[in-house]
């Protein structure tokens, strides 16, 4: 019987290697797999390439960093691919001081590169970024009077996902705007690990409403995590 | 107030020009916008390029062709891009006798080319078709040890879609396997026209269950059309 | 000095001025900062559908405190509501809408706009490795109309409407209109065309605060 | 003649033989024709998830006549049922699964297979303009394993397991195993490796019906 549920965080994180590329979903705190990120910190893999929409928070005196910001602050990330790396953030600090490589890319290109990885499309042309710093070192050509640049798929060794409800086949639904990068990240990971607020029996998720079919999912951990925190 | 509902087939078909590229959804008879195809036949546009998964049926003595097969039989299609054009079908006959141009392409490439058109991706590399007749005349390069060919987006001047339920913003849901090409075709049309079995008030379709957001839809016609016919 | 007889528009004033020009039925994305305020100034009876790049169509106003949904935020990470008819989708679909030219309009903040429509709004220097691109590059190339809302000059009085941008570009030749604290300007073939100036400010005074040549 | 002492597998027999080798937990696409029959031969207690390229995961068996759902057909346009846990999605997503190498296996029909794994299954001549590619080219390049089920020879007795295909290719170097009416063969670096022959047929007799060289 197919059963993608794992019973512990250790089982969820089992086998993640140093040097892995880790795709992390979420937009702000909404839809972010924060429990899995803490699990990854615990698990110990280092030298990671992290792909995530936003590169984490600033250092705040007296406040222990958590989640992604903590993973970064611990020096476990050698390279970050992201759409926002604020100069004042801990990630920005590490980039400026040469301790981490930072690559800032457009948000739509980030989503499309991961979707392409999941869809078996090795590269695509996009108008986004043409004529900007983003285009440096990239091939370009003109389509319908617009310059477009060639972008490559961005697959992950590991993908970390937050779902609202999951079943044992790994079928997922998401709550409201927490969907964001989750279905895209799920497609693009060789090992896709999900934390889910709720679990249900097979067949309880209506077939027309499943957003991420279980074919993209490897492991599911039940983590009733409460509401996302507002941005400070 | 935004109201994408049209009250008549004539209004639904208004302005479709000779020479248009028409994308038609459906897989077999399931999810096929057959009423709209009949409307297009009535409307009169000709010299069309039709993009559709399957090129229609064989000539059957004593049976009047209908739907796509009729559009083709009437000589209104100058070019068909499709994944199946059977040599024995009416479309196949017209291709063999030089009365219609036929282009047979892989089904996944068909879907991805329309999705690319809708997503503003002018071209992409795919492994599908590399090393086959499909690759003739196309650029190719190797990614991860696999040859891939460059395919271009396939936009439509017009897209014909069948939905299960629609609201006045043009939000759509589909029934079961009738979803097939419908959301993809809807994205790719400059003028996307929908026939829907059911209509509902704005807000009745749950926000997490809408499959095609109304931004892709221009006109919706209420056509309670009954069940798809089994294939003969 | 005539300079003291006019009152530049504030953040809310600029947002209101832009809102005035958005027709009903448009699909509109509002960028972070002042652009987000635009929604508050569109009359309730005018149906405009707001897109947020984190996967929402039909973004509604900020909810009452007791009706907040922590799972429903806009691209500025503010808690918002959803208009009936609104929908949720993933980031790939969201940017398919953007890049695929399905949005009628995006309204972005800006550091600089050039007379050829070039926009700079994500970084003030060409150092790579950090920066805040977000969805701006996709929106700038994808929306049918790109409006920029910004102060007419920097706090130090330097021009932001330039012959050529000096900051790294968000996208070339993308801006179609600029709403500043002092004026509304279209970007046309020949450059900036002034459509509207705030009361009490002359065309010549506006030109004096603008590096690029202004056209009437 | 020893030739009369063996009984080639029929359509159902070939499908059953392939079904035997599909492990539980695999995601499997079944092509049109004989491959579609494979599902009927997977034991009910072995959970295999069937994909259909028209947007279904979890395809179940043909429904009872009074339980038919006209909106639920497989890629062969047969009315089917849906397993609990099944899901529907669009064609772009369906082929993302295929091309993105998420399927463990596809089982296809074939006209010819070459010893280097080339497959020809969509056309018998190189005339362009008509033909039935369907999803075969995507499946052949996308699935982790590509198994072909076909008669060992044509009705006229011509070999289908060849040094090089003579029909137009579906994909080069894609086939990993072939189930014929007479044998099961792996496609290895050195060519066809015979894994199984039907009772009563010798290796040499099998070779005589095969153009490509067979390996033990």
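Read from first to last, the chains carry the letters A, B, C and D; within each, the first residue is number 1.
Here is the rule we use: a residue touches a chain if its C-beta (ideal position, glycine included) is under 8 Å from a C-beta of that chain, and two chains touch if they have at least 3 such contacts.
Not measured: the values here are computed from a predicted model.
Using the contact threshold fixed earlier, the set of chains in contact with both subunit A and subunit C is B.
The chain pair B-C and the chain pair B-D differ in C-beta contact count, and the higher one is B-D. Mean C-alpha position of subunit B lies 36 Å from that of subunit C. If you average the Cα atoms of subunit B and of subunit D, the two centres end up 28 Å apart. Put simply, the C-alpha centre of subunit A and that of subunit B have 34 angstrom between them. With centres taken as mean Cα positions, subunit D sits 55 Å from subunit C. In subunit C, 82, 88-89, 92, 95, 98-99, 142 are the positions where the chain touches two or more neighbouring chains simultaneously.
For subunit A, the set of residues touching two or more other chains reads 112, 115, 119-121, 126-127, 146, 174-176, 179, 207-208, 211.
If you sketch which chains touch which, the pattern fits none of the simple shapes: not an open path, not a single ring, not a star, and not all-to-all.
The list of touching chain pairs reads A-B, A-C, A-D, B-C, B-D. Partner subunit D is touched in their complex by these residues of subunit B: 27-28, 30, 83-87, 91-92, 95-96, 101-112, 114-115, 126-134, 146, 174-184, 211, 227-231. The part of subunit C that touches subunit A in the complex is made up of residues 52-56, 69-73, 75, 77, 79, 82, 88-92, 94-95, 98-99, 123, 126, 128-138, 141-142, 168-172. Subunit A meets subunit D in the complex at residues 1-2, 115, 117-121, 167-169, 171, 187, 202-203, 205, 207-208, 210, 213-216. Those residues of subunit A lying in contact with subunit B across their complex are 112, 116, 119-127, 143-144, 146, 148, 152, 173-176, 179, 207-209, 211. Contacts from subunit D toward subunit A in the complex involve residues 24-25, 27, 47, 49, 51, 57-58, 82, 84-89, 92, 95-103, 142.
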